[in-house]
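Presented sequentially are two complexes of subunit A, the first with subunit B as partner and the second with subunit C.
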Partner chain A sequence: MQILRSLLFRLASTAVTLVGVAVIVFFVIRVVPGDPIAMMLPPGATEEDIARLTALYGLDKSIPEQFFIWAGGVLQGDFGTSITARRPVLDLVLGRLPATLELSIMALVIAVILGGVAALTGTRERGTKVEAGIDVANGMALSVPDFLWALILILLFGVAWPVFHISGRVTPSLDLPFVTNFYLFESLLRLRFDLWADIVSHMFMPALALAIPLAAIIGQLLKQSLKETMHLDYVTLSRTKGYGENHVIIREALPNAILPTLTLVGVQFTFLIGGTVIIERLFSYEGLGNMAIDAVINRDLPLIQGIVILFAVIFTVVNLVVDLTYALLNPRLRHA
Partner chain B sequence: MLDGRSQIRRKIGLRLWLSGGWLLILVLAAVFAPLLSPHGPLEQDLFLGRMPPFWVSGAEPGYYLGTDSLGRDLLARILYGARVALIVALVAGSITALVGSTLGLLAGYLRGWVDVVISRLIDIWMAFPPVLFSILLIAVLGPGLVSIIIAIVVIDWTRFARVVRAEAMAQGAMDYPASAQIAGRTRLSTMIVEILPNVLPTIVVLLTLEMGIAVIVEAILSFVNLSISTDDPTWGGMISEGRTSIHQAWWIMVFPLVTLFLTVLSFSQFGEGLKDRFDPVLR
Partner chain C sequence: MADLYQVENLRLSFPDLTRKPLLGPAPRTEILKDLTFTIPRGEILGIVGGSGSGKSTLGRVLVRLLEPSAGTVRFDGRDITHLAEAELRPLRRRFQMIFQDPMSSLNPRHRIGRLIAAPLRLHGSEDPEKGALEALDQVGLPRSFASRYPHELSGGQRQRVGIARAIALRPDFILADEIVSGLDVSSQAQVLALLEQLVAELGLTLAFISHDLSVIRRLCTRILVLYRGEIVENATTAELYDNPRAAYTRELLDAIPLPDPDQPWI
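Right after this comes the complex of A and B.
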């Protein structure tokens, strides 16, 4: 009962947050100077043409009136029509979403692997030069944001030693058999490993850039909790049973040390998704973020609205899932 | 134990010295930019385009770090770019700290409906992708230094508000603010005279970190071509320009990138060093 009630409360508060985001973005972008209608008409359009098109997109009404028309549509799953692409915003946005999701998840996986290895190695080699080295690397990785790592990776592995692709999502000349936009996933399902390798080679640099700061956070926090756990009695006990250091760290200490890291990873994952906007731009990766920047440049108001709302939905859903996972995994909350 | 502590302290000292040293060099470079650079940052010489730095053969004497595609001196542009970066860091950082800390203090100490409203705003702000939000704001405000500063304040105040709110809440639960009120202080003056000094070290650390973030935001915005005018030298603008000719002239992108990297790293390390310095356990 308790859990159900707090869940309902969370859902209600999420709804309020989303409405808040919708209101703010709606009013902010309507202050943007630059007339989107004027930009889409050919030169020599008559006054009537302009008026007709303005009315078509509902831009002749007052801003609060526009908001309620738009919000009413959203509740029915209609996010309006993109001014530049002249297609439904929902189609455009959902078409790009898989690319951004695949990139974010790949970055998350890389971050967990890198951070996990750093934490486990650091715990195993605690007190030595190796641990000190890991600490320094973590500190550096944490201090510099994904944008700069991306530029450095482009220089190193795109220009100086060009082993990875640094532009796009897939080599354009390849023949793509895909029916969904989850290229990475679908190429695996179709057992097209040639395509899969090409896609990974395109995604690896942007994913790594997004992953580096998160990997450092995971490495730092997990190592800290692991080292604390290593002092507990039950760990000492398992050591007296004759288990080796690796077994003690991975099988005994890790399950108890992982919870704080898990919560943090959830929050940090939303930051990572936010970071895709500029990273996709840098790598000309055709995801939501890249489309968002184009939408701002083209003053495509309905599209901007749709993308911002979608990002906000993703952020709040991730946070909700993290809280639920935490409640399920934490024995103290599970039995409450 | 004592030995370990002095070791940690030495490490912190080194970190503060190195990062502080770089930031000091940067401030001096920005202040004395006209004296240090033999050329103006906007001076073009199309016959001297893409000249390499001094140690590469074919370098043009007087242009130590080489020139960009328009024959402008890279060293001069980096030095003048430091001015923009530092102004953004100082002004945007301080205003963000002021706004965010004030709201955080009010929410954390006064609680009640003030806290409800401010916390709700923080929740809404956290649901925006920050980079997209800043690009959107610059589109609204128009490019320019003032717009960038406003955008940073509008987006990043939550960084201060969240942390300061939590700290003020913890401080408010202690005995001393209550005693101060019994001794006749009003709530507002208790907040400023009693709570604020205890939260101040945290604010200083956050401010240092925020300065690094401000420099990055400026660079990102110049990179998407929304920052200041394209002629004025900014590191982000130089990097974005250099990227287009990276295969012909690597130095155009590498030098501003290295400068930006060291600066962001220094702000962050300086903040982390200060945090450890303020830590009573380590002290």
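Right after this comes the complex of A and C.
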């Protein structure tokens, strides 16, 4: 009951947030200088051409009027038509979404594995040089932003020792049998490991660049809370019961140390998704972020709106998932 | 062998991080200074002393959560002073420990039944669940508690679960560190009576750390008085009360509860 009520409340407040985001974005991008029509037309277009096109995209009306036309469409699932691509915004955006989702989730998985291993190793070897080394590595990983990691990785594994692809999502000459845009996932389902390997080899560096700072945060925070948990009486007691160090850390300490990390990872994951914009650009990865940059450069107003709304939806869904997981994992909430 | 524990010239020091120089190792402070004593089988040994005198540290050495810096600790004739964790593991069943705070002593995620049964399974019990239920019987808790979570119990009940977890393993020795300090007076009396009864029934040897001399006097057969990491008195309860030899012991007996000699009153 309690959970259901708070879920309904969350959904309602999510709706309000989304409306707020929509309003702000809509007005801001229209106030910012830059005229989409001017960018579309070849030099030497006549006044009439400009007026005709402006009317075609509804840009001759007042901004509030434009907003209500657009919002009315959105409520019916119509996000308008991209000015540059001349295709429905919804199709474009949903077509790119799988690429960005796969990249972000791959990055999250890498970050959790790297950060988790660092935290567990650091806890096991607490007080030794190994722990000191892990702290130094964490500090370095944190103080370099993701796009610099991207450049470092490109230099290392793209140029100096070219083992990974540095651009695109898949080798263009390959024949793709996919019906969805979830290439990574679908290639696995179809057991096409050759394609899967190609896709992973394209994704690996951008995903790693996104993952490194998050891995450092996970490693640091989880190690901290693991070390605190290791001092709790019941953890000490499990040692006196005869359990080995690995059992004590993983089975006793970890489940209770993981909660604070989980909340933070939720927040950081939304930053990571934000980071895909620049990382996708650097690796020419055909995802939402790359499309967002093009849309901004071309002042493609409907497309910008669509992408921003989609990002906002993703962020709120991530937060919701984190909160639900937190409630599931927290014994005090579960049995209350 | 009459003595379960034989402790000789035990020393233990910790690095003192407050005095650590910028480079190089921190100087060490000695917490336990040259302790020699034995714990005869079947005795209830009271360990008393002011706050910070090293009682808990000594207790943790006895159950080998801490490794001594010098000296020897023999358990049942076997030198356990520097045994590695892996060598200790099969022995650990035999010396158990109960902590002061019954809530933090129990993993909040597990039911009582599992909390008692899991260590039994680890040590190769045929039927851990049955062992857990029997342990609940022995500490006077209903068997239905096996399916409860720790937060669904009162403080006294949780402390009984802590005792049940210890005795279920059929240990030779139990270390009880201030186990009744957090309880109200009537739960205190019940837990102490239970402990006394179990020690007699199961032939346990018990070390009981406490600030409370009235409790120690009732429960313990021998008393060890620690003062700043040194033993100032080691006598039977009767001897100690009739004829306290150390000045510090007299002070202890006169002034209960005892403030830390180094700390001003707050």
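Everything that follows uses one rule, which is that the second predicted complex is superposed on the first by the 320 of 336 C-alpha atoms of A that agree within 3 Å, B and C clash if a C-alpha of one lies under 4 Å from a C-alpha of the other, contacts with A are read in each partner's own complex, and residues count from 1 in each chain.
Quick note on the criterion: a contact is a pair of C-beta atoms (placed from the backbone, for glycine too) under 8 Å apart; a residue touches a chain by one contact, two chains touch by 3 or more.
A quick note: this is a predicted structure, and the numbers were derived from the prediction, not measured.
Asks: Quick one: classify A:29 as touching subunit B (first), subunit C (second), both or neither.
Replies: first
Asks: Comparing subunit C with subunit B, which touches more residues belonging to subunit A?
Replies: For subunit A, the partner with the higher number of touched residues is B.
Asks: Is A:281 contacted by the first partner subunit B, the second partner subunit C, both or neither?
Replies: First partner only, subunit B.
Asks: Could you look at A:152 and tell me whether it touches subunit B, subunit C, both or neither (first, second, both, neither)?
Replies: first
Asks: Looking at A:11 after the superposition, I want to know if it touches subunit B, subunit C, both of them or none. Which is it: first, second, both, neither?
Replies: neither
Asks: Let me check the overlay on chain A: which residues of subunit A are in contact with subunit B and also with subunit C?
Replies: No residue of subunit A touches both subunit B and subunit C.
Asks: In the complex of these two chains, what residues of subunit B are touching subunit A?
Replies: Answer in residue numbers: 120-121, 123-124, 126-133, 135-137, 139-140, 142, 212-213, 216, 219-220, 223-224, 239, 243, 246-247, 250, 253-254, 257, 260-261, 264-265, 268-269, 272.
Asks: Quick check on the complex: what are the subunit A residues that touch subunit B?
Replies: Residues in contact with subunit B: 13, 16-18, 20-21, 24-25, 28-29, 31-34, 139-140, 142-145, 147-148, 151-152, 154-155, 159, 270, 273-275, 277-278, 281-282, 289, 292-293, 296-297, 299, 304, 307-308, 311-312, 315-316.
Asks: Enumerate the contact residues on subunit A facing subunit C in the complex.
Replies: 232-234, 236-245, 252, 255-256, 331-332, 335
Asks: Flag every residue of subunit C that touches subunit A in the complex, lowest number first.
Replies: For this pair, the touching residues of subunit C are 63, 65, 85-86, 89-90, 92-93, 95-97, 99, 101, 104-109, 118-119, 122-123, 149, 151-152, 165, 169.
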